[in-house]
Amino acid sequence: MIKVGIVGGTGYTGVELLRLLAAHPEVELAVITSRSEDGLAVADMYPNLRGHVDLKFTVPNMDLLKSCNVVFFATPNGIAMTMAPELVEAGVKVIDLAADFRIKDAVEWTKWYGQDHACPDLLQEAVYGMPEVNRDAIRNARLIANPGCYPTAVQLGFLPLIENNLIDSSRLIADAKSGVSGAGRQANVATLLCEASENFKAYAVPGHRHLPEIRQGLQIQTEQPVGLTFVPHLTPMVRGIHATLYAELTDDSADIQSLYEQRYRDEVFVDVLPAGSHPETRTVRGANTCRIAMHRPQGGNVLVILSVIDNLVKGAAGQAVHNMNIMFGFTEQCGLEGIPLLP
Amino acid sequence: MIKVGIVGGTGYTGVELLRLLAAHPEVELAVITSRSEDGLAVADMYPNLRGHVDLKFTVPNMDLLKSCNVVFFATPNGIAMTMAPELVEAGVKVIDLAADFRIKDAVEWTKWYGQDHACPDLLQEAVYGMPEVNRDAIRNARLIANPGCYPTAVQLGFLPLIENNLIDSSRLIADAKSGVSGAGRQANVATLLCEASENFKAYAVPGHRHLPEIRQGLQIQTEQPVGLTFVPHLTPMVRGIHATLYAELTDDSADIQSLYEQRYRDEVFVDVLPAGSHPETRTVRGANTCRIAMHRPQGGNVLVILSVIDNLVKGAAGQAVHNMNIMFGFTEQCGLEGIPLLP
Amino acid sequence: MIKVGIVGGTGYTGVELLRLLAAHPEVELAVITSRSEDGLAVADMYPNLRGHVDLKFTVPNMDLLKSCNVVFFATPNGIAMTMAPELVEAGVKVIDLAADFRIKDAVEWTKWYGQDHACPDLLQEAVYGMPEVNRDAIRNARLIANPGCYPTAVQLGFLPLIENNLIDSSRLIADAKSGVSGAGRQANVATLLCEASENFKAYAVPGHRHLPEIRQGLQIQTEQPVGLTFVPHLTPMVRGIHATLYAELTDDSADIQSLYEQRYRDEVFVDVLPAGSHPETRTVRGANTCRIAMHRPQGGNVLVILSVIDNLVKGAAGQAVHNMNIMFGFTEQCGLEGIPLLP
Amino acid sequence: MIKVGIVGGTGYTGVELLRLLAAHPEVELAVITSRSEDGLAVADMYPNLRGHVDLKFTVPNMDLLKSCNVVFFATPNGIAMTMAPELVEAGVKVIDLAADFRIKDAVEWTKWYGQDHACPDLLQEAVYGMPEVNRDAIRNARLIANPGCYPTAVQLGFLPLIENNLIDSSRLIADAKSGVSGAGRQANVATLLCEASENFKAYAVPGHRHLPEIRQGLQIQTEQPVGLTFVPHLTPMVRGIHATLYAELTDDSADIQSLYEQRYRDEVFVDVLPAGSHPETRTVRGANTCRIAMHRPQGGNVLVILSVIDNLVKGAAGQAVHNMNIMFGFTEQCGLEGIPLLP
């Protein structure tokens, strides 16, 4: 059993972390912080946790957090980088579910997040927590930058192709659709039911913060220059991301289906579907699974990859728990074996 | 470990049973039948089960079913009563999730279900599988009539009042709202997304099959005559039942909150909320929990009870597994500890 | 052509008023005010109005408003009562879509709305704008209190019975379900898509502000004491109210179907459905129609009335335009003939 | 006033045609046919039409249809081509909302629609009813092939670029998302609320019937070879198509915003949004409008065009009425001026 702390657990990522950790056999939930909800029982805010989580929200307390083996940050961007150095120094593992440590280049980070980075050194040390790519580094990391939701779905979809230089990496397109929970639980007109249901729209087409993160992740895998057009869309549902990826094959002879099956054969949370499949977001609802299918419409040289995840699980809390499992030597599926809820 | 069979597993009740049983530590899924889908892998129809269920649908085979310790029927009404006698005779426990054994009076049953009953004797023997009422009888039962979804939410809401004769049982009102999954997975115009979303309607106001089942369940608990008006409504969501119950208090001095808390103190799947609460269906999504709150608006003598369940779990598959747990001496929560998925 | 002003047009009631008035052949939209959106083109906030409405929001200006023939208030409660006296004095007709003038008893109003009433005299003069009841008074009114959404659906459902003393008015029940647009367009966690979709809940069971309004409206029609239990519910859809009403018949011989058909024969916006019907909220989406059906389940003495409206139209903006039509001598359907959008 | 007939009016395209035609000032609805619903009042199937449409469905009768000035076919594919020749011969204008006359090459048509074409000569004569391209031909056409829903959104989005050879037409991508009403009103498991809500998926990635239609429409406008990848997706909402289009600019200096504004300046049903906009499907709900916005993310040479329509209106019934208006010399907006319903 390890002691776990959560900083900032009032949002959807927080409640999902709580759902997963409360059922995790190796975890003792020790502390969950929220300045605004100090004193409130977690289960009063999230009645689904009644009988499962007895904690109350408390104001962040460094001594308490230092008594944990690992601390998750489910905070807005810009918080983790102010607290992580002290925790890491004290020997506490840190997993940041926000974006503070995702982009290696501090200048680029500042460009997209609009503030100076508080600890550029730690930024360099942080490990990008995508187990399918960085498993070994995660194992010994002190600080994990948990990947963004879109970046998870998009990178897992492109990786086998990029790693093998089978596509023209200069003209990649990622058309991604997300459920509304990706926008968080803040009171916001744009995500009211009456604004976001029975509606579909693209947003942030000129530039979304996940663009540099995805580009960085892909560029590491290839010496070809990566050119990516990324268009996110808001979809009238709660959970799920569907990434539709387009790439031009440069090697016509590759057996794409077999390539993906080989690449992900040992990955417990990536499921390559049979040839011809169309993955549905609901088939991963509540689970830490990414399902992928590949198509070559009309036998042409354009490859269409379909990649689906639950944005709150594989795209956030689940992947964070997966990272924790690796860091502490638990089996990778530990606490992540729940079956998706369908319908 | 017990061997479990499922007859008719292609509907929503079936896939939910599979989700729960596949994760149940005491269960070996031995057989699942479907005449129409013979040979199809279950996970091909329900991709959420990929990696969790390896079974294929097969044509019903009595010998195979007899090799099971328990057989669940997730069939349309009228099937279980033709197969249950032979199974029960062979010493196999049977749990029917359909309505074949819910109404004790065979004439009444015929009136509502439009066919003669195939085994009136077994109908008499069958135990109505509501653990909060019939726990002892369930323990030794050979055949369980698993309660309907509306009847579960409505009876659990009224029970403490009826058992104590605190209300005028002759003028009960149950205004119930169900998600669309209650209508099943058959191709049907009325439950198309384009017909049932962004819409709300009552249905079957002249008389719904769950009316006699509820009335029977309440009448058993009181010598007062039970008069019930039951109006079901179709709600634009997938899962969940919200029953709003109205009754007139005959004993003004009763402490209703305390009464409910006492009645359900030892029930692991009934959660009486703090006074003043408004339970939400999403707080029980995917879980075998019924949450209840009581109100006395304006301090008058009309009592309003709010009772919510997940119709596919506490209202069907979960309650069936709960019954199985009792029948085989497992802990009652075994395999039913999943935390509701919210949001 | 009359000149029309709207005070506070940024909410859903406001945009619906704009949709109706922009297409009204007798109306010139002269001014629409919003302090917070001063200078913004209405069509930039509501792109559905592009090409139909050229106005910009402006800070409220009394001189401009006085130049109008009629001013609609689509403001939060408590605003209209501070501005209406001056407008009425200046000869401008006022229609308040908020609650400032709905409850005749100023003490009762203060109890439910938590503030003193700013003009109790005008409160007495105001006419409750339900044309099916007050057509003559509306015709000559200076100030209209436009009914609330729930009160519209509930009163139209009970009226024929109450007017004829056919039911026990002391034990009425109104179980009402509303789409989320009834909660307005304010940023609010409870009405986020991720909170309100795939969910159903009752709210304000101890007491909702529409309770005294309904009770007052019914009490006017009978000398029997009116006792009403009113439970509103939040339904996961945008538009629509479904009121399910329960009453006990005191006169067993009444022909209810015929009674309703007679009562509403000349009402263009009340549609009594054929016997046995179950009205659906989507059949009135976008229209000023109330559809009603009556049932007597199992032939008992409990009457179940089903009444549906679009809360933004018949329950708000459409009824307001109807009132305007009566006040200015236009045909009642003028500008209100749009056919409901289905699906 | 012209006499109008509708063949096959029971689907969503049919009810939408009825909604538009019932309110059209130049139209007398003379006949609506349905073999399966013969004798049923239209308003009994579609209660939104109560009080607006008095017709009953009747078995198709050629004499009656020949007495009409124009007949719309809202039938499944393959019906119109068997009846259109006789009607056209009799001088009746025909507008086919199905796909029988959309693809000029009968061999290609057979490949995608799986049957021989019944009247290849008439296929050649038929005019593709996209007014923004073929207005003059429509004016004098005897037979109109009303465009598909996806093809309308996609072609209007690409047209200004293709007509001016500003993009590499060999590598076009159309990632399109449709509401579920596009799948029609047939009882079908895949479009049940419980299957299609809270879910997102691509479908028909290997090849969708609208692909050749779009390719044909674009190819006509350029001498460059058109290469198109088209991926449709099912979106959990009733109405709306959002097409996200990707193209590589070959002429870096073009002023794209101005180009689109010029191209559609005189088109009443195409609305080019201000630079930087993200059109939402709900802003065209119920209206015959296509709204378009263009982006050049990061200033690169990839152009992203966002194009939204209501699939049942601009993508079907509305465009059909627009064609009728042109054919009979009515103003183009006649009967199509309804303001979109938002929220």
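By letter and in written order, the chains are A, B, C and D; residue numbering begins at 1 in each of them.
Operating definition for what follows: a residue touches a chain if its C-beta (ideal position, glycine included) is under 8 Å from a C-beta of that chain, and two chains touch if they have at least 3 such contacts.
This structure is a prediction, so every number in the text was calculated from the model and none was measured.
Common neighbours of chain A and chain B under the contact definition above: C, D. Among the other chains, the CA centroid farthest from that of chain A is the one of C.
Each chain gets a centre from the mean of its Cα atoms; for chain C and chain D, those two points are 37 Å apart. Distance from the chain B centre to the chain D centre is 45 Å, each centre being the mean of its Cα atoms.
For the pair chain B and chain C, the distance between mean C-alpha positions equals 39 Å.
Counting partners per residue, chain C has 12, 181, 194-195, 197-198, 236-239, 279-280, 282, 285, 343 as the residues that reach two or more other chains. Residue ranges of chain D in contact with chain B, taken from their complex: 12, 180-181, 185-189, 191-198, 236-238. Touching chain D in their complex are the following residues of chain A: 171, 173, 175, 177, 179, 194-195, 197-203, 205-207, 227, 229-231, 233, 235-240, 242, 244, 246, 248, 276, 278-282, 285, 295, 297-298, 300, 302, 304, 306, 308, 343.
Taken in their complex, chain B has these residues touching chain A: 12, 15, 19, 22-23, 46-52, 181, 198, 238-239, 271, 273, 279-280, 282-287, 291, 337-343.
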